[in-house]
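A, B, C, D and E label the chains in the order they appear, each numbered from 1.
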Amino acid sequence: MTVPAPRVSTTQFDTNELVINMGPQHPSTHGVLRVVLRLDGERVLDADCVIGYIHRGVEKLCENRDWTHIVLLTDRMDYVAAATNNLGYVEAVEKLMQIEVPRRARYLRTVLAELQRIASHCLWLGTHAMDIGAMTVLLYAFRERELVLDLFEEFCGARLTYNSMRVGGLPLDVPPGWDRKVRSFCDLMEGKLDDYETLLTNNRIWLKRTRDVGVISAEEAIGLGLCGPPLRGSGVSRDLRKDEPNAAYEEFDFDIPLGTRGDTYDRYLIRMEEFRQSIRIVRQALDGLPEGPIMGKVPRLLKPPAGETYHAIESPKGELGYFLVSDGKSTNPYRFRVRPPSFCNLQGLKRLVRGHLVADVVALIGTIDIVLGEVDR
Amino acid sequence: MLDTVVIPLLKIAVLVNAVLVAVTFLVLMERKVIAWAQSRLGPMRVGPYGILQAIADPIKLILKEDITPVKADRHVFTLAPIMSLVPALVVFAVVPFGPDPLYYIGDINVGLLFIISVTSIGVYGIILGGWASNSKYPLLASLRASAQLISYEIAVTMTLVSVILTTGTLSLVGIVEAQQESGIWFAFIQPVALVLIFIGGLAETNRAPFDLPEAETELTGGFHTEYSGMRFALFFLAEYANMIVISAIVVLMFFGGWLRPFPNIAFLGFLDLLPAWIWFVGKVFLFLYVFIWIRATLPRYRYDQLMSLGWKVLIPVAIGNLVVTGVFKVVF
Amino acid sequence: MLEITPLHYSLLSAALFMIGVIGVLVRRNVIIIFMSIELILNAVNINLVALSDQLQDLAGQVFVVFVIAVAAAEAAVGLGIIIAFYRNKETVNIDEIQIMRW
Amino acid sequence: MDLIWLIPLLPGLGAALNGLLGIRYFSKQTAGLVAVSTMAVAFVLSVIAFAGLLGLPEEERYHEVTVASWIPPIPLETANGIGSFEVPWAFVLDPLSGMMLLVVTGIGLLIHVYSVGYIDHEPRGGVARFFCYLNLFCFFMLILVLGSSFLVMFVGWEGVGLCSYLLIGYWYRKQSASDAGKKAFIVNRIGDWGFILGIFLVFFTFGTLDFRSVAEAAAGMPVEVGFGVLSLICLFLFIGATGKSAQIPLYVWLPDAMEGPTPVSALIHAATMVTAGVYMVCRNAVLFAHAPMVMEAVAWIGVLTAFMAATIGLVQTDIKRVLAYSTVSQLGYMFLATGVGAFAAGAFHLMTHAFFKALLFLGSGSVIHGMNEEQDMRRMGGLKPYMPTTFWTMAIGAVAIAGIPPLAGFFSKDEILYRTFLHSQVLWGIGALTAVMTAFYMFRLINMTFLGRYRGPEWGQPAGGEAAHGAGSHGDGGHDDGGHGHAWHGPHESPRTMTVPLMVLAVGAVFAGFIGVPAALGGSNVIEHFLEPSFTAFGAFHPAEEAHHLSHTAELGLMALSVLLAAGAILFAYRNYVRQPAAADEMARTFAGPHRVLTNKYYVDELYGATVVRGTMEGANGLWTVDQRVVDGAVNGTGWTTIFSSWVSHVLDKYVVDGLVNFVAWVCAEASYVFRRAQTGLIQNYAFATLLGVFAFVTWYLLAR
Amino acid sequence: MAEALLFYTLAALILGLGVMVVSARSAVHSVLFLVVNFLLVAVLYVTLNAEFVAVIQVLVYAGGIVVLYLFVVMLVNLKKAPERFSDPRRLARSGLLLGGVVLALIVVVVSSSLRAGMASEGTLSGFGTPFTSGNTEQLGWVLYTSYLIPFELASMLLLVAMIGAIVLAKRHLGD
């Protein structure tokens, strides 16, 4: 469906044009996002995102920490997917210093990243469904997310901001029996996924609310710089786990689900399939988990050689990239820059909502899956 | 004097109190049922299994500060919740809880029309509440609500006409008695009408999946965003009272009111051991449970989808049902 | 005085009618003028119902039904015109609705 | 033999395949394969047909096949009353067309094979396009050759002209190539104008267009002493021939046509199409034989063309242009032969020339290919070690064209010179001089190209190679850049697909002459005997009869003389360009005036530009002026008259008719000023008035009761 | 006695609210008074044994038409009421004048017609269909027999009005 450009009348007085502020205190903006909507009746003529309410200057802070301490600041960006944030950062530093990571560590990192993806998608699913009014799914999804958090807690002691990786490997090995618990979680999760789909996938109202809502073509998606599920929903096969494999992804067998119509429903289906693919990867990684050390040879004091690097991984939200510059002299990064997927995807919101109804705005904010901690940094 | 003034007034007092208490427990029931549906426990702190929550909630609401926004139209702002609640309570005047005149306040010959017309007055509360708040979200919500209520009222009324055709009376007591005579609940004679009225009832009470006027995720709080304290509580009461009204109408028209199942089959006579009004209330609560169940399950319609459902599906089907009923009536 | 005759109803009706006419002639807000017209129609209805009761003839009540139907039609079209006019001129002041004058 | 109509059809099929499907879908190999295989089959069929022809008795060697009707009988006025204009699609196989058939298909096949290698670095679609044109050309050429009537021949004639245009402009992005294509096309139009007038006249005179009928009718007429209708026909036909075969004055297009790819030059502009004029004259030998004045003109034009082209060829430095002028010169020889009545000799030379000229062109193509599209001989030299096959085959071609026995050129050329000598010593003198010059410039070419010092661009290191490539590819603006992705690694031998045709043609150039060994050398001149029926069989006329024979000794003397002169010229060229390279420059300085004239090709192109082209443009300007002033003036005058009359009508309408209407309206308007005061536009006023009215009415009602 | 009390109370309220409707500053208030006015008129109908008409009055007038008015008032949502510009004394003056004229007219008409009516009281009742309380069925009977054609015409009128209103209010014709 193509949305015709809104007719802006200047000569004729329009009785129904209305500007409303959605947020920053609004139950469906997933944090402190403010969207200024221009409405014609219930139809959205234009939308402007106002961001920055929780800007903490993470990038600048990182430039004043030494390389090891930065890991825990990365937790605070996408705080619902801290492990993938850690992963991207430590891999970027390893690339800069050319550190070899032991195989066991790479496998465990993959497991952690995929569990994190499941947790993040659980949160997305719950809030997205809640926005559209299906309240039960929220609690179901959070119930399963809780199990993932338990697994993380057992591994590193934290439930949200894990600080779970180190340059060169992992801070500590998994406790004995952990892999068995992960396996049983995988088995459980598969059944629960079917429950979610029973509630939503073929639900007529869900279809009505998501089908043909926020359609975006592949060209437009690329043009807007979308990444992750919003991009794949438009049928563009772009997943850094396949395209530029990091951690141990090239050793596992998994599929990249693609959408055909580029609407909200396709993006929903893609994420649901990503749950299953994540479970598949986790299982393969646990099956082939090698023995050995979990830390590579890393100097006590990290002081990368002068140079710069960009490293991107596929976070649950999309392409999460770190651009690091080292001057080779100090123990701090000279420049630390993040390409946050939520930020880039949020740019698409203006295009997505134009011409839709107010009620769709919340569905569309949900479908691009933003975390304001990452958008504002 | 006793018969014409004192007893009706007593009945009214009892009924109003009963409805209000029922509402508070209905809120508790909703919280509990949804919690169980979502694999949690719900309120557990106040009293055993949280039963006293039903009392704690009203107390909290009454004690809260009653805020009137500066820019609001103060009189209308105050009037709106009252205009919302009063029709919801007035309707109970014609609802028979049992066969005996003791169980109802009045059985007027246009009872059904009375219910329809009085509930239609309830719209004012919502519209005026949204307008008087002088705030954008409530205004949007109230416009939505009024359009939604009027639209679905047409469908519901149309459907009721086909039921009236079957019974030949507008009196609610008469409708129940007609079911007793025919020995079968009208749910089996007018299944289409049942479905239509139930869906329309969901929409008229702003319940999921038609809870657009108070869609938290879209319009923050709906038309009562700016309300707090007791005035908010009145809206709340009105909504739940309306739920009870719709359930009562459905039960009266389709499920035999106070009648036990299969009222004409003698060997089920032991079912009469339960008093008639218990049957009625039990059925009403069964439907209230269905309301809550649906809310726990379904996502929300979008405004335009809701309107197209109402105008393009329900009304044509209602008209079709009316025509079919009329044809049957003439032929048989 | 304590016996309520049709005269009472007629006088009530006349008074209400008068109020409506005054509203029509005095107010500038077109919407309120419309509401005054509704008052006038109601005055007529009261008369009809009262005389119907008095004369034991249902024709009066039937007429009321028709009056209500006409009132509904009048309200729908009239308010549609008001909306259309308001959209163009941003006013509902009847003194400004005079562009067809000469 | 009844299937000869298949022979043109096969290349036509190939062209259709390549043109309709190939450009989009075929790979280079497929396109080449389609073209070559259709030509190969055509060649095989030709050989079979020719063998069938040989199997017939001599006097029955005229086989006509009618494929389909074309133009139904149309009654048209002719010199002898109402004639019936009817032309069928008919093909004829007789000795002359049989020979041409073999030449076209045989040499065509070789050149197709060669092209597969030559055209390889074009993009995919371009290759298919090229082969499409080439096949299409063969299709039309074979129609031309096999056509049994003037009109069918004309179809082929125009078709080859079209293909020639397409192929010269094959690299259409290159300005000079597309200009050359247009030039060839336009110059040919002038010739075609003559040809078609000739055809009209033929029909008007004889009432038919069939060659055989025309020849039989013409044979029955007396030889014209003065300038009669037959002479006029022959003159027109000869104008057509000069256009197609590049004779004075219409030869200017042929040198420019060298802008096309080399295989095209070899096939069209050396071996086949340009000889179409000669073929046409030979085909109408009987007609020409009855117009001696035109014959004389043909001979003179032929010899002058030969001489002039040879002189220009002496000083050209572009390898292909030398060959082009050589072609013009040799074509002049052929016309000389026909002009003196030696049709068989002309046709014989046509055939031998096809071999060695195709060989030379293909060789030059190989050189150009090996030198990375370099065409200037001054930038070559000493290429013999790099491309031995090319050198040896080209040397054979050069010897053959120079007329050294026992190679092909010797027999055919000496037959022409001998017959010319019988006709006129002056013509013979010019012809012999031309032969000497031919030998000289051919060996100048060989020497400058293959012998002596290497003068071409450097090559070697990859980086240097890039530079050399950049310098060397100045002439190939028409190529897609993708075609030369690789660096040039110095002169090299061409691929097998190119050298094999060279070798086959070299064999032909050596041995083709032996079918025409004259009696003086103990031969029997098989070819002349074989072709005789085509020129005479259907008429009583025997042109050789009136010629008086010289003794064999004298004939041998003439041969020896020409051989000696040619050998001398060869040696002179060797001295000038290999032993003492400075001598050539010295000579050029000595004869600076003539050298400049020759280098600029006698300024013919400039002359044409100043007269014909400019004249046309001035004439067009004049006509435009007439159009502007006279024709448009009349139209504008009419328009002006209309405008004036409508203005008059307008004035009447506006002041008289409208005036009345407006007056009525004005009266109404004035009157209404008074009444409109009552209309305040305030509804409440109206309502109040209504109310008062009701009040008044009710009061009246109550009081009146 | 009770009947009279009821009537006088109702009449007073109806007239008072009518005055409020006409004189209220805010159009929304005006609408609110109108609703209450109509509800009271409906009660009046009940006292006159016209339950069906009463219910219809509530359903159609209060529940339908006046909601429409409210809608329009909210849609138009004026910042300044048109009366702001006019002189309140002029309002009162002209209102009283008009009121007097109209009242005089009505009183004259009513009294004269009643006088005529009382003169022939014997014929006042007895023609038409006698009815009792709970006359809905009878009303339906009359409506669908004697008044069938007017009834259908009324429905036609409503249909035309509906289409007309949609056409008028639709923002862009042809959308």
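Going forward, a contact is a pair of C-beta atoms (placed from the backbone, for glycine too) under 8 Å apart; a residue touches a chain by one contact, two chains touch by 3 or more.
Remember, it's a predicted structure, so these values are computed and weren't measured experimentally.
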item	value
Chain pair with the greatest number of C-beta contact pairs	C-E
Identity of the most central chain, Cα criterion	A
Inter-chain centre distance, subunit B versus subunit D - centres from mean C-alpha coordinates, in Å	97
Distance from the mean Cα position of subunit E to that of subunit D, given in whole angstrom	101
Averaged-CA centre spacing for the pair subunit E and subunit C, given as whole angstrom	6
For subunit A paired with subunit D, centre-to-centre distance based on mean C-alpha positions, whole Å	71
Touching two or more other chains - residue numbers and ranges from subunit C	21, 25-26, 83, 86-87, 94-95
Touching two or more other chains - residues of subunit D	688, 691
Residues of subunit A engaged with two or more neighbouring chains	15
Residues on subunit C engaged by subunit D in the complex (per definition of touch)	21, 24-26, 94-95, 97-102
Subunit B-touching residues of subunit E, taken from the complex the two chains share	26, 28-29, 32, 35, 39, 51-52, 55-56, 58-59, 62-64, 67, 70-71, 74, 134, 136
List of subunit E residues in touch with subunit D within their complex	98, 101-102, 105, 108-109, 112
In the complex with subunit A, residue positions of subunit B that touch it	34, 37-40, 136-137, 140, 144, 208-209, 211-212, 215-220, 295-305
Residues of subunit A defined as touching subunit B within the complex	18, 20, 26-28, 42, 129-136, 139-140, 143, 199-200, 203, 205-206, 208-209, 357-362
